[in-house]
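Think of it as A, B, C and D in the order they're written, each chain with its own count starting at 1.
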Amino acid sequence: MTDRNIQVQSLDRGAVEDEAVEIVERKGLGHPDSICDGIAEHVCERLAQEYLDRVGTVLHFNTDETQLVAGDAAPAFGGGEVVDPIYILVVGRATSHYVDDDGTEYHIPVDSIALEAARDYLRETLPNLDLETDVIVDVKLGEGSGDLQEVFTEDGPNVPMANDTSFGVGHAPLTETERIVRETERSLNGDYADDNPAVGEDVKVMGKREDDHIDLTVAAAFVDAYVPDMDAYTAQIEALRDHVHDLATDHTDREVTVHVNTADDYESGSIYLTTTGTSAEQGDDGSVGRGNRANGLITPNRSMSMEATSGKNPVNHIGKIYNLLSTQIAEEVVAEVDGIRDLRVRLLSQIGRPIDEPHVADVHVVTEDGLDVSDVESEIQAIVDDELANVTDVTKRVIDGELTTF
Amino acid sequence: MTDRNIQVQSLDRGAVEDEAVEIVERKGLGHPDSICDGIAEHVCERLAQEYLDRVGTVLHFNTDETQLVAGDAAPAFGGGEVVDPIYILVVGRATSHYVDDDGTEYHIPVDSIALEAARDYLRETLPNLDLETDVIVDVKLGEGSGDLQEVFTEDGPNVPMANDTSFGVGHAPLTETERIVRETERSLNGDYADDNPAVGEDVKVMGKREDDHIDLTVAAAFVDAYVPDMDAYTAQIEALRDHVHDLATDHTDREVTVHVNTADDYESGSIYLTTTGTSAEQGDDGSVGRGNRANGLITPNRSMSMEATSGKNPVNHIGKIYNLLSTQIAEEVVAEVDGIRDLRVRLLSQIGRPIDEPHVADVHVVTEDGLDVSDVESEIQAIVDDELANVTDVTKRVIDGELTTF
Amino acid sequence: MTDRNIQVQSLDRGAVEDEAVEIVERKGLGHPDSICDGIAEHVCERLAQEYLDRVGTVLHFNTDETQLVAGDAAPAFGGGEVVDPIYILVVGRATSHYVDDDGTEYHIPVDSIALEAARDYLRETLPNLDLETDVIVDVKLGEGSGDLQEVFTEDGPNVPMANDTSFGVGHAPLTETERIVRETERSLNGDYADDNPAVGEDVKVMGKREDDHIDLTVAAAFVDAYVPDMDAYTAQIEALRDHVHDLATDHTDREVTVHVNTADDYESGSIYLTTTGTSAEQGDDGSVGRGNRANGLITPNRSMSMEATSGKNPVNHIGKIYNLLSTQIAEEVVAEVDGIRDLRVRLLSQIGRPIDEPHVADVHVVTEDGLDVSDVESEIQAIVDDELANVTDVTKRVIDGELTTF
Amino acid sequence: MTDRNIQVQSLDRGAVEDEAVEIVERKGLGHPDSICDGIAEHVCERLAQEYLDRVGTVLHFNTDETQLVAGDAAPAFGGGEVVDPIYILVVGRATSHYVDDDGTEYHIPVDSIALEAARDYLRETLPNLDLETDVIVDVKLGEGSGDLQEVFTEDGPNVPMANDTSFGVGHAPLTETERIVRETERSLNGDYADDNPAVGEDVKVMGKREDDHIDLTVAAAFVDAYVPDMDAYTAQIEALRDHVHDLATDHTDREVTVHVNTADDYESGSIYLTTTGTSAEQGDDGSVGRGNRANGLITPNRSMSMEATSGKNPVNHIGKIYNLLSTQIAEEVVAEVDGIRDLRVRLLSQIGRPIDEPHVADVHVVTEDGLDVSDVESEIQAIVDDELANVTDVTKRVIDGELTTF
């Protein structure tokens, strides 16, 4: 039924859910590393869209290297100020000049596009960051190296060739701890933030499970304009802790303890108060690919790819595509196939072959008691085969901003 | 009546109005050098205001070193775009940390203030420049050298001491050619621009008078969004030429010829079309102190100060104060005293003395026929004396943005 | 015998050596990411040394954020040139002003130290990079956030407290593939390079083992000054391939295939020729923490830490210390204890406790047939305990430049 | 005998030597503005040379916009250090890609050339500046605007056309005060410095003559490594004062008073001590065109051009050429023609005409008593005519580094 090399085997470790100790982390949207990931990816989307609009195809680019240099700030109850602006350098490669087969010449304002995309992203993501006073956005986009500036057409299912030996990995389903960590950050940057403007976007959530006890450690930047005094601050801390505890116990029957801003020292007045909602305002630098993996989490218990997916070209960067695709496959398999307790998908590219024909797609599963891998093998293979056949959908969804990379 | 050393003498040259050849130039608001002057001065005003608001006195600073690196653009009839943003580096010194005599500590966000001031100035001055895509504003403000960080209080007429041997020069009245050059640029960046949005802010006016013939050469950037095609462009050129000719002949009975955008080459399509209204978008760098003198003109027929007045601290920078004050004195004398055809005021500081007591204030005049210098000497001396006595008014007016420096 | 929580268990997966597919990668010294890692770590060493020399203790700093923006080059047989210099921005935090308990004030020139360290590192590592024409090194070091600027004394075994929940992981012994990948890069940047100056420092080695077949893919930048023509180039490729094959077969009995510069296209003349020995000269940006893990390898088959160890403060950054220490422990255990086929050490910190008392130190082992974990448990525990007791040795060795982080 | 419009007239003012008050200033080689002038001009020379070597003609460029941002230093008797490096941004335009008429394509590494030229200049000019620790040199050279990238061939006396209305002015002979100011700086940066390494390169000399009294004010940076203590410093001050006094009295019979480092305050220990020999190390920014005019002096008593000559393209930048040429003409006339007390040459370009045919070359002279302008008119005209005929020599001498511009 398929020529693709898809192997389904038993996972030689048990389910992560069964391990004695589990650690999970998520750096929230406003964390300096996540800011860089977000800018890199947003610049990527915008460049791809502009290339499609202007040229009809996505030209060579990679914008996976934003660097953030922290500013300096003087937060204060009721509202402080940024003293030294944050400096953000958007780095990468992009094709600014192109001649198509008809001899039509294109000049694409890649630096201007990147500048605007970066500033738009900051404006949307960090509402308390004043773009006129608090941040300097600089851009250094070079042309790519000559022999890589090939153009990859987008008409029809024109699957690109792999130009590198690269590797992607995905897992499903998430463990309870993973889900709790992810949902905690989402809530604190979502519905909870809507009702509590004092909560900044720089929320870091660390989950540590030991057997049946889950410790959640939340480091949340608070926005000084909405925090009039220390009492208000401690009230915010309490409310946030309660909210996270409620949220966590909705996802687990395990015992949950929540710690918030453990580094605070009320006596010395050293608390996690910010003017902009991010620690980038003072002392915390950031860069791309240093934080969450493509599934939004850092999971030392699982194998992870070192690849920085944010900002990579979604048309031909195999590391990006395979990491996103393997995650998607894993989720799809778990959604469709019953009885899977843990599953890992790995895709390994083969240089010179279309990327829908990986060297190997191996799927390792932990099945529920009574179910054998052979019982689900063909079903899984069919799903993997189908997802690989539609590999270009990943590209499209990235460009449309439908997939997150961090 | 006064102890000040004020000398009034006959000017050893004739009036500039009588010279055979006269050259006058003005770089308009949107010229890259003027943009830098304007940013430097606006940052200066804002810093001084913030110091007064926060500390009650103006602390040490100098922001007279903005550098503009031109961008790259693709202007096009009907609307083009900036391809590579302009890069502007605001440079200078400013006191960010201060402890007053009561031990109160102040942290002044000088970089953020400068960033905002620069961006505000660009937004107001160059309406066709999109601050989100067309320009990167960077800031590097250091602390001043330790021993210069004295504080100059503003309470009462506390005249500062001269800390340098410096020199200022002013002239009045303007010659016809000077007036025409100045008014031409003002009109093109004023009432004429209001009615003709196609005219950009980067207008350079060069006046050359030979005896009774005045050649006006205008280089005016046009804004592509308001110029649909070449016919519209040539029509704009014609209209602008007519407007300038009319304006000029309102000020003179001499013969006037007006040249507009002489470097245009219609055949090759090389015309002065821009997207943003300034040549800074493509190829023309700029910096402070390289353009107009404090009276708004470049006048090789007159002695000029090399001092870059824009961005200098108005409280204690003697070069800035004396250039502005000598211009003001010259204008005041000519307004008050009849029979003066040409007048030059020079102020020379004396280190260690209050700045209202210059080493020498010398006034050289060309009087009308029948009038002797001695006839007006005492009247002039009184005016000069009075202006010197109120030297701190210059400081105040600079901080309030009432004096232009370029 | 010890209060430390040291757990020794069986590894729930088999030895990596037994897995069907294994992937290993090493980015060589001249790879743009490795250049950043190297600069970050060298700046770190130098700052720590300077702090010790000047103040007697290591002050707060972190220099883990160098960003490299690729240049542009025109390599040519016999010697080309860099056209646009590489731009390197050294980013981080460092304490420049310090007052000790006796009131003695110190000003530490951290930016100058970082600048020199970065340039020294480049000079030593990339002999074909001309520091006068090929690279611009810029520095932006801010002060750390106030409440983190504690000082950690170095007198005696003063073990710092963990200020974060952090995690380190180490593995031993290396698999054949891992050893081959690491030794290949070392040789190409070592003895082989000494004899073959044509081989640049930017060598990337990818090893892929499928059962008993190892594919080694080497991407090696060649230095144009030592490559007169295409024949010389192909001869170099052949020689390098043979060398790597010989080296690999010294480490394994498995079948080995070596691929060198597979992206070369001789027909179009597109080959991996450089002027400086690194792809950073044209098109390949780099940053810290994106390449090799602390053991010098990228090993998707093993659990890895996301932590960027290079540039982190070796006195108190728990992630750095634990990653280096766990690797060291793993190697020590394997060297001392017989019968261990695979071993993973994980250290998890406990906030507020001395870092020699981790929350848990768990050791998972795969023993040889016939050996039970319980047979080696106490021996392993003793080694771990001893290593933890000497945790400050890691700090010392980092400062002395004896430990590599990438 | 000539078609050129050369007019010789009486100067309508007296000789500057006869004026009651005369002010003259020279910023020495190590002054921040002069550093920028020097870098700009040295980059210019090197680019022109490289263009000639590689392409056979000088391509379009302008490098007249270097910006220096002061560093921070901690000078100390016996040797201090730079704490924050000086930042220098070399700005301008240069053609990096060129196709000649034969279709041969050239890539000129303009950024690398500029980087090396700037660093070479600093190394030669500021021997106490450590290029590895004390300064960051950055480069931003853009391409020029399209329609200006014409190429001016150098074969034969191919005189370029004026593309702008521009103006140059030169004076001769120098007054006593001017000579003294110039020679003082030259000596302090020349023979005196050779014997006294404690004297830095940042020497500013201000001369003020009132009738027959000359006040020389010297601000000289001393190099801390050569100044062990305060006594040594005051001894240096004394010796320098004596040296300058001797030098001055060799040039004049007027009374001379010499002031050195008047801002020093021995009590507070505030003296002009530096580590590098330039105030750029701490607090004094600099940029091009803000200091000395093309004759090396700032002379408010004489008409001056605002043109920043340093860094301008010597092939076609009319302002640069005319300022250098008019100075050369003035000196030549005074050397050849007897009886001239003061002379001013002005050259005004005519757009669209070869630059050896200015719109007007006017020479104004003050002759000695008994000599009439008409007596020397034809002799002067012949010299001017000859110099204009050889205008391209100026270009050549600039490229060869034989002419100074500041």
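Some points to look at:
The working rule: a residue touches a chain if its C-beta (ideal position, glycine included) is under 8 Å from a C-beta of that chain, and two chains touch if they have at least 3 such contacts.
In UniProt terms, the chains line up like this: A, B, C, D = S-adenosylmethionine synthase.
Note that the structure is predicted; figures quoted are calculated from it, not measured.
Common neighbours of subunit B (S-adenosylmethionine synthase) and subunit C (S-adenosylmethionine synthase) under the contact rule above are A, D.
Taking each chain's centre as the mean of its CA atoms, D is the chain most distant from subunit A (S-adenosylmethionine synthase). The chain pair with the larger count of C-beta pairs in contact, out of A-B and A-C, is A-C. Centre-to-centre, using mean CA coordinates, subunit A (S-adenosylmethionine synthase) is 50 Å away from subunit B (S-adenosylmethionine synthase).
Spacing of subunit A (S-adenosylmethionine synthase) relative to subunit C (S-adenosylmethionine synthase), judged by their CA centroids, is 24 angstrom.
Residue positions of subunit D (S-adenosylmethionine synthase) with contacts to 2 or more other chains are 84, 87. Here the touching chains pair up as A-B, A-C, B-D, C-D.
Residues 12-14, 19, 21, 23, 62, 64-65, 67, 69-72, 84, 87, 89, 91-93, 140, 142-148, 163, 165, 167, 169, 206, 208, 217, 262-263, 265, 268, 270, 279, 282-291, 293, 298, 300-306, 308, 346, 348, 351, 360, 362 of subunit C (S-adenosylmethionine synthase) touch subunit A (S-adenosylmethionine synthase) in their complex. Put simply, subunit D (S-adenosylmethionine synthase) touches subunit C (S-adenosylmethionine synthase) in their complex at residues 74, 81-85, 87, 96, 107-109, 111-113, 115-116, 119-120, 132-134, 136-139.
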